[in-house]
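You will see two complexes here that share chain A, one where it goes with chain B and one where it goes with chain C.
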Partner chain A sequence: MFMNSNLFEPGKSKPERNFVQLAVKQNQRFDGRRSNECRDVELTFGADWGTVAVSLGETKVLTHVTCDLGAPTTSRPNEGKLQLNVNLGGVAFLDEVQSTHDQRSLTLNSLLERTFRSSRCVDLESLCVAAEQHVWCIRVDINVLNHDGNLYDASTIATLAALMHFRRPDVTFADDELRIYTEKEREFIPLLFLHYPVSVTYCIFKSSGQPIVDPLLLEENAADSVIVLSFNSYQELCTLNAGGTAPTNVRTIMQCARNAATRAKSLVDFIRKALSLDEERRLQGGRLVQGLVALIGENQQKLSFRKLMGHQKQEPQDLQSEKMDVDTKAIAKPRVEEMAVEEESSKQETDAPLDSSSWLPQDEDSQKLPTPSEASASKAGKGKQNRSKSKANKKQQAKKQNNSDSEEEAKPVI
Partner chain B sequence: MNLPGKMDVGKDKLRQMNCEFNPLSRCDGSVMYSQGATVVIAAVLGPIEVKTQNLSIDGSYLECNYRPKAGLPQVKERIREAAIRDVLELALLAEAHPRSKMSVQVQELEDRGSIDACAVNSACLAMLVGGLPLKYSFAAVHCIINEQGEYVLDPDQSETLHQRASFTFAFDSVEGNLLLVQTKGAFKIAQFNDIECLCRAASAEIFQFYRNQVAKYHGRSEAIAEKEEDASMET
Partner chain C sequence: MSTTSTIVMPGERISAIEELAKSKRVILGPGLRRQDDTVVASKAGPLRHKEPSTFWVDNYQRRYIPARGDLVLGIVRSKAGDNYRVDIGAADTASISYLAFEAATKKNRPDLNPGDLIYARVLNASADIEPELVCVNSVGKRGKLGVLAEGFFFKCTLNLGRMLLRENCPVLAALTRELPYEIAVGVNGRIWLKAHSLRETIALANAIVALEQSGCAEIDKICDNLGDFLQA
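Presenting the complex of A and B:
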């Protein structure tokens, strides 16, 4: 009688899948966007510190930050705690099908953990009141209200905005006595950040080489693989999550990474601008601070990415053109390299047959490759001609991670 | 926080109500409802498949969840959830869909006083817009007795700090029967009766708000709805 298992997941059935694949092949998307175009982001700040509602098209997320004094862990006695809590059930009805719900909450949770905790974006040492005794525990509750694709970006934007919006009360510790000041006594203190990470999601389809950014739920479910990249405002890579079944070219990933870095930067700029606007409104006080009532209907209080970045002396055009530049560069570069590679291969053609499809299996059989690293490269399906380049790219990525101030992130790469 | 309190609204008036229908795309009906600065979002899904343990052959199973803004639901939220479920169970026409489940989820967005009443009202609106069968619609009203012994209808959170007693009543729209009574604090029975009358009068205002909003949503203008209301009152 009922078919719950497929009711909530568009894009899981075969006809839908084929349809999406076909559309992507023709460079078409359901809402008329181009493959590198994102949906509008809207931020609404609540009346309390640290309450933010984010909407990314139809995807809606509510994030609330609370703080609490507690004891630190024994391994890090002088650091505060940051706890992230994702809530997928409730009004989003994502818990109707248990198997997909579990998987989704796990991936989302691990992504957020890596983006915000492992990358050490919040200065946790500043949250210490008395070493080994009292530290601030910051708890972030991420309530998913509606899921229409790209939950990752919506929740990272919401989490970052909420953390940046949040203020904690001032506290003093003297003579073994904690004293927490109210807002009237002493002004609340914002959190300290080391960097500001935001994620950007790409979907890759087997039918087309062009990755699409900011997917809808239909596209996300039908996609062969989903790549999530978190960049901070200094354009350093914080998290890379690539899964799925589509074999992805290094070039494509690099192209995604370049675009994601610019997008992340502009997103952080947008959040900063929205926060300063919110602060202005709070200073003026009175009726201007509406809180989340502003979510209802069309409203000035909703801070939209397009509008806000548009007000700034035609920055969107610059930004767009900049983005386009990057795009064309990203597309153009590989082409040049391809040409070079082709030339190279044509030179080499005299001494070795280089049609990768024909030599790859042979290669594995005869075990010509001495080093394991090269073998793994060939297993990954890369031809001899671009192996060196892929290595270079990998090195670049590794370097990028080294540059970031996260030790934990960098270690596994080395 | 210098929020606009209830300064601009009289003590015997409800705060301004506001709502948006179907802000969410995954459910059958959803509503974002606000009373003053209190905002909740409610969503319904049904009739859908039910687990065998909850299956009932002579009526649908009602699932009702209330989620706070932060953290897991505690005792306070469970009580609120039970209140919503009790009212909904009375109003729901369960016989219409046996062997199925109706799921109602209420998410708190911002709590600035009378969240109990808001949650119940939003659940009713979500049921209406989701097209789930109800015997009647219902409305809840919150009222307190403050320090000076005055009655404050639909108080803001700042006004509830020094309250003597608080009341939440829910009424049905057809016969005006009491569906829910929640009281806290000390009061005289005469005060209880007074406040019941006050809340009953206020519930009429909420039902009118329901009618206007639903009419607006389904494409009839507010003016027509009001005119018809006047006409029916005259006859």
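Presenting the complex of A and C:
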């Protein structure tokens, strides 16, 4: 029928789906990670400005930024252009038919467009040479080399890193004459950024309330819904992409958002650190990574998130483990009466600000939220498991209430 | 089968086989081709030899080419008239009749839905018509064939599937010493697994996938790792 039905993606057959659902329920993942643990991110900068290879486990993306002088659009005569080009040819083997390939590339493209263009992260006005005549057109080529889940994060990290790494030549425009300087004449200029967005992906399964971060392809395909959140380093929401069939409540999304914001911040810090290391290397005149094979293969220049951020990783993990403790406590003693639950939840409410998310203003409208919590309570009667889960829900709910209006706050940003 | 093997490339003339062919009959397996009086490799990979005189090239491949009698794992794609369409990883989808299951009659049809996994035998394979599968043997018993309901399933290269199915392959025996499990290996590079617990199944799947890179030689090491993991 189709040429490549063998290499048809994992996670599409029924046994796989059932198994993944079960695994998620038991808090097991295929590479031994915990549900809130990400894979290591590895960055390699190429010899040219704006060439970056990113690998997230087996997911590999190569991004290349180029620039060119061109005419601006009539609607925005004093702004440069930013063009994002996704090339999924490297993972075409996953697709059986053209339509799935198109859809995959469309989803990725729209995510990148919204994350980088609609959020206006690059200062396009600084790319204007002469209004209505000459502007810089920045073109980002995103080449997906391998797909093992979470293509979104890999491509946003790669795109951001490439844009931050990129430098354009200096140019002067006088007497209707455009002069572009070479690197020897004048130093190249990096792009100006207004903020640094990066995405974090979560998978949600019907069998479990716990969202999974940084899914594998198998998990991503078997998931009931995939949520992609783009945050910038100021922890402002840039994009929210939530689809699928799993019933996601506000609590889950807020939980994801909070973790994603911290993660995005550390990712941007990591990219910055990697960039400064790369610059050092260039200044020292060290050997640069030449060629494609060196870029994506094993090399010394590879900068790993875990290694670079080793000491900083401690902090978010503490936060997470704290959260985990809360969950396990709730599950450990499932036979507490409703009253106790209420007590606990009120207790939680008092120490809820421990989240220390200063970006979420303390809210007053805690009345708004009882609806989902009541709903979960009414579902609770089914059994131990269920009840304990609903309790965990309640706790989260209580925690969440303090932050609930941040959602409204976030909306205008979208 | 000889363990020391030479690597042959497509188009390479293999004179050793030609010499042997002068004195006795030789059988050329996949990846080897006779052109008049010469024997030429058509695939790249190690040249394998089985006594007395069978030769083939064990090349790295992920595309399955159906052959009669092969045991394969297939995913049901759709129903089509009296047949199910089954994806077995070949260029063409295979078909399996409603009646090719144990105790199936016109009235009593098997309950298969798209996405189900079946373990079947290739009944018919030819270049020009789509392959046909059966889930019963010649006397109408299902044996080990049929729907695989639970457990985990993953894809691998054809080499790994073939390697596990080899008679003298130490891998499955070594893994059995670590933990009990059920396995169905299709020669189309698909493996179905089921152990007592989910954790064990995942561990086992990872161990088998790791084999692809390391080969049989490191099976002891993998088993040690597996044991450590399961105890942890």
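Criterion: the second predicted complex is superposed on the first by the 283 of 414 C-alpha atoms of A that agree within 3 Å, B and C clash if a C-alpha of one lies under 4 Å from a C-alpha of the other, contacts with A are read in each partner's own complex, and residues count from 1 in each chain.
In this section, a residue touches a chain if its C-beta (ideal position, glycine included) is under 8 Å from a C-beta of that chain, and two chains touch if they have at least 3 such contacts.
Small disclaimer: the values here were computed from a predicted structure and weren't measured.
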Touched partner set for A:198, first chain B, second chain C, both or neither: neither
Touched partner set for A:41, first chain B, second chain C, both or neither: neither
Which of chain B and chain C A:274 touches, first, second, both or neither: neither
Which of chain B and chain C A:26 touches, first, second, both or neither: second
Partner chain in contact with A:17 - chain B first, chain C second, else both or neither: second
Contact breadth on chain A, by residue count: chain C or chain B: B
Doubly contacted chain A residues - partners chain C and chain B: 1, 3, 7-8
Residues on chain C engaged by chain A in the complex (per definition of touch): 62-64, 75, 87, 89-93, 113, 115-117, 148-155, 188-189, 192, 198-199, 201-202, 205-206
List of chain A residues in touch with chain B within their complex: 1-4, 7-8, 46-48, 51, 53, 58, 60, 62, 64, 66, 85, 87, 89-94, 96, 139, 141, 143, 145-148, 285-287, 289-293, 295-297
Interface residues, chain B side, partner chain A - complex: 1-4, 18-20, 23-27, 30, 32, 34, 37, 39, 41-43, 45, 47-49, 65, 67, 69-71, 99-100, 103, 105-107, 109-110, 112
Footprint of chain C on chain A - complex, ascending: 1, 3, 5-8, 10, 12-19, 22-23, 26, 28, 30-31
